[in-house]
Amino acid sequence: MIGMEDETGDVLRRSLRIVEALLFASAQPLRAADMAPYLGEGTDVNGLLLVLQAQYEGRGINLVRRGEGWAFRTAEDLGFLLRREEHETRPLSRAALETLSIIAYHQPATRAEIEEVRGVATGKGTLDLLMEAGWVRMRGRRRTAGRPVTYGTTEAFLDHFGLEALSDLPGLDELKGSGLLSGRLPAYLQIPLPFDGGLRDDEDPLDPSDLGDPEPEDGEI
Amino acid sequence: MTQAETNWFDTPAPPPADEVLHVDVGGYEGPLDLLLDLARRQKVDLANISVLALAEQYLAFIDTVRERRIEVAADYLVMAAWLAYLKSRLMVPQAQGDDEPSGEMLAAMLQFRLKRLEAMRMAASRLMNRPRLGFQIYARGEPEPIEIARRSIWEASLYDLLKAYSSQRERGITAEYTPRLRTVWSLQDARDILQRLIGDSVEWVSLDAYLVDYLARPSERATVRASTFASSLELVRQGEIDIRQTETFGPLFMRRRRKEPR
Amino acid sequence: MIGMEDETGDVLRRSLRIVEALLFASAQPLRAADMAPYLGEGTDVNGLLLVLQAQYEGRGINLVRRGEGWAFRTAEDLGFLLRREEHETRPLSRAALETLSIIAYHQPATRAEIEEVRGVATGKGTLDLLMEAGWVRMRGRRRTAGRPVTYGTTEAFLDHFGLEALSDLPGLDELKGSGLLSGRLPAYLQIPLPFDGGLRDDEDPLDPSDLGDPEPEDGEI
């Protein structure tokens, strides 16, 4: 498959085998940085990953990207066949589901923003449960009065729902177009996108220095 | 009632009116959820719903629920007040120099919020319908124990850490819980006060009128009423006073019993 | 790889994909009979397995036979390479997790202070384990009777838990907001501000002799 016969070809082939073995051995996605220590210095891990991805295209297992991570997963179209009689250990409540999708589509989102979209207070244990599932994390703090904590999704969220990146969220473009992802006011103002990079301009790192300040409650209707 | 009424119960098999009244407000997750449900029953695109009709339906619904003496949470009533305001803004043309937001703008805002909530619900169901890991897509079933050197051998997440910390701090607290002490009127005090207040009055006077000075503090209202009522029954038993109530939950009237000449 | 272009070729390709996915997702080696129900009647499963085995020959993972069953395994020559880095992963015990979290929030903290929050004695093994894991270090000695050692967290701790700084640890309101702490807390409950500077006013540096002997022996003044 790798046509070169010379020494470079051998190195490449060996590197590909190592990346393949590492990814195959792990149940969780691995980042390029996780694999770099096993490869020669200066190896283009991302290049190797793309080669490997192409090699597995159309096979029963595929190499997929999940945010920064990469993993082997069974092919999507075989799902109906492999589907097992498994039940979700704890099916998500409607409140948890809505909260999850609001965080996914509006992130970074504060609790007050989630509550504004849903029109009800977030029950105890909803955010807790989503964090326990490993799908939601605390990202930082919004640089506004009260400096509320902002929430976002994790790579495990991408992995679970089979998304390469947040931009793959179903219906995202449509929602953007209709202005329904804008923060507090109707469409024409602005359209923030789900954001999973580092901290945004209006976010600070987490900081417990404002212990006394409660999160701003959103009693607004 | 209004056209609205027929709309929101316009389901394939309209339930008899009796059943309709048993709609449980507790089945809704807040006023917005209820509004969205009502809007859906208009069976048109959310962009084309009649906000005025929707407001009327909501207000009618809340009225129905309250008539049935079902406890309605405060936020439903806040929404009702807001919708009543919206209704008035929509029906009365905007006066010049009126700085308040126009009815149309308020209606657009409500519509936006309903559309956004519905969009998030749809997004949630689309997410759940994706081929999910462990349901239609599988990871390596038998991962081989190869660990990446950068990772520590101990597994713990930030969530585990915070959970461990929080539960420890909470554990310490429960042991130190002390119930809030309430002011309680003793029966003896209540009896003395009642005796003094009724004095020799032979006219019917309502209990609350006697107690008006003592009912000023809301936090003590319950105990003042309960203790004086209990004491008044005792006084009736002893033939000291008469007591009368003309309707359920109506005011209690009292007077000194005339000493029957023997 | 599968040369046939006709309908038989498509069927074969599809069967191979199914076998590949089944073997990948299975938690134990599969026998040909286990896979037959997923394939068309009369499919030569053993034949498919041999084709698949040939396809994976020379790759980073191989299809190997284990008694009656078949499974994917890391190529033997790479197994040697990767095993060098092998670690056993175990979840941190509850005692260790609790101790670590107290050190994180209350640092610099002495063993007595940790025990006061936990309400139970902390085994010496727990602190040793946390130090061995590289998450906890001895900072100095408290300038009080007995001069107890003070503990703090390390850079590796921040790294592992994805924190940029200790101030990223969520405060009281965030713990409540996310449901980790219940809302019914007495007003006096405070969550301390973790301290990660140099030695504090009430701390002395460690003695040179401390390095080999972390805890003062009983009876030592």
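For reference, chains read A, B and C in written order, and residue numbers begin at 1 within each chain.
One rule holds in what follows: contacts are C-beta pairs under 8 Å (C-beta built on N, C-alpha and C of every residue); 3 or more make two chains touch, one makes a residue touch a chain.
Every value quoted in this text rests on a predicted model; they were computed, and no experiment measured them.
**Q** Give me the ID of the chain with the smallest distance between its Cα centroid and the all-protein Cα centroid.
**A** Answer for the innermost chain: A.
**Q** Measuring between Cα centroids, which chain is at the maximum distance from chain B?
**A** Farthest chain from chain B, going by C-alpha centroids: C.
**Q** Take the average of all CA coordinates in chain B, do the same for chain C, and state the distance between these two points in whole angstrom.
**A** 45
**Q** Could you tell me the distance, in whole angstrom, between the mean C-alpha positions of chain A and chain B?
**A** Inter-chain centre distance comes to 37 Å.
**Q** Give, as an integer number of Å, the spacing between the C-alpha centres of chain C and chain A.
**A** Centre separation, chain A to chain C: 19 Å.
**Q** Would you pick out the residues of chain A that each touch at least 2 other chains?
**A** 21-22, 24-25, 37, 72, 74, 82, 131
**Q** Spell out, as numbers or ranges, the residues of chain B touching 2 or more other chains.
**A** 138-140, 144-146, 148-149, 157-158, 163, in rising order.
**Q** Quick check: in the complex, which residue numbers of chain B touch chain C?
**A** Listed in rising order, the residues are 138-142, 144-149, 151-158, 160-166, 168-173, 176-177.
**Q** Which residues of chain C touch chain A in their complex?
**A** 16-22, 24-25, 38, 59-61, 72, 74-75, 78, 81-82, 85, 163-165, 167-174, 177-180, 182-183, 190-191, 193-194
**Q** Show which residues of chain A lie in contact with chain C when the two form their complex.
**A** 16-22, 24-25, 37-38, 58-61, 72, 74-75, 78, 81-82, 111, 123-129, 131, 138, 140, 148-149, 205-211, 213-215
**Q** Residues of chain A touching chain B in their complex?
**A** 21-22, 24-28, 30, 33-35, 37, 71-74, 76, 79-80, 82-83, 86, 92, 94-95, 97-98, 100-102, 104-105, 117-120, 131-132, 134, 137, 159-163, 169-171, 175, 178, 180, 185-187, 221
**Q** In the complex of these two chains, what residues of chain B are touching chain A?
**A** Against chain A, chain B makes touches at 29-33, 75, 78-79, 82, 108-109, 112-113, 115-117, 119-128, 130-140, 143-146, 148-150, 157-159, 163.
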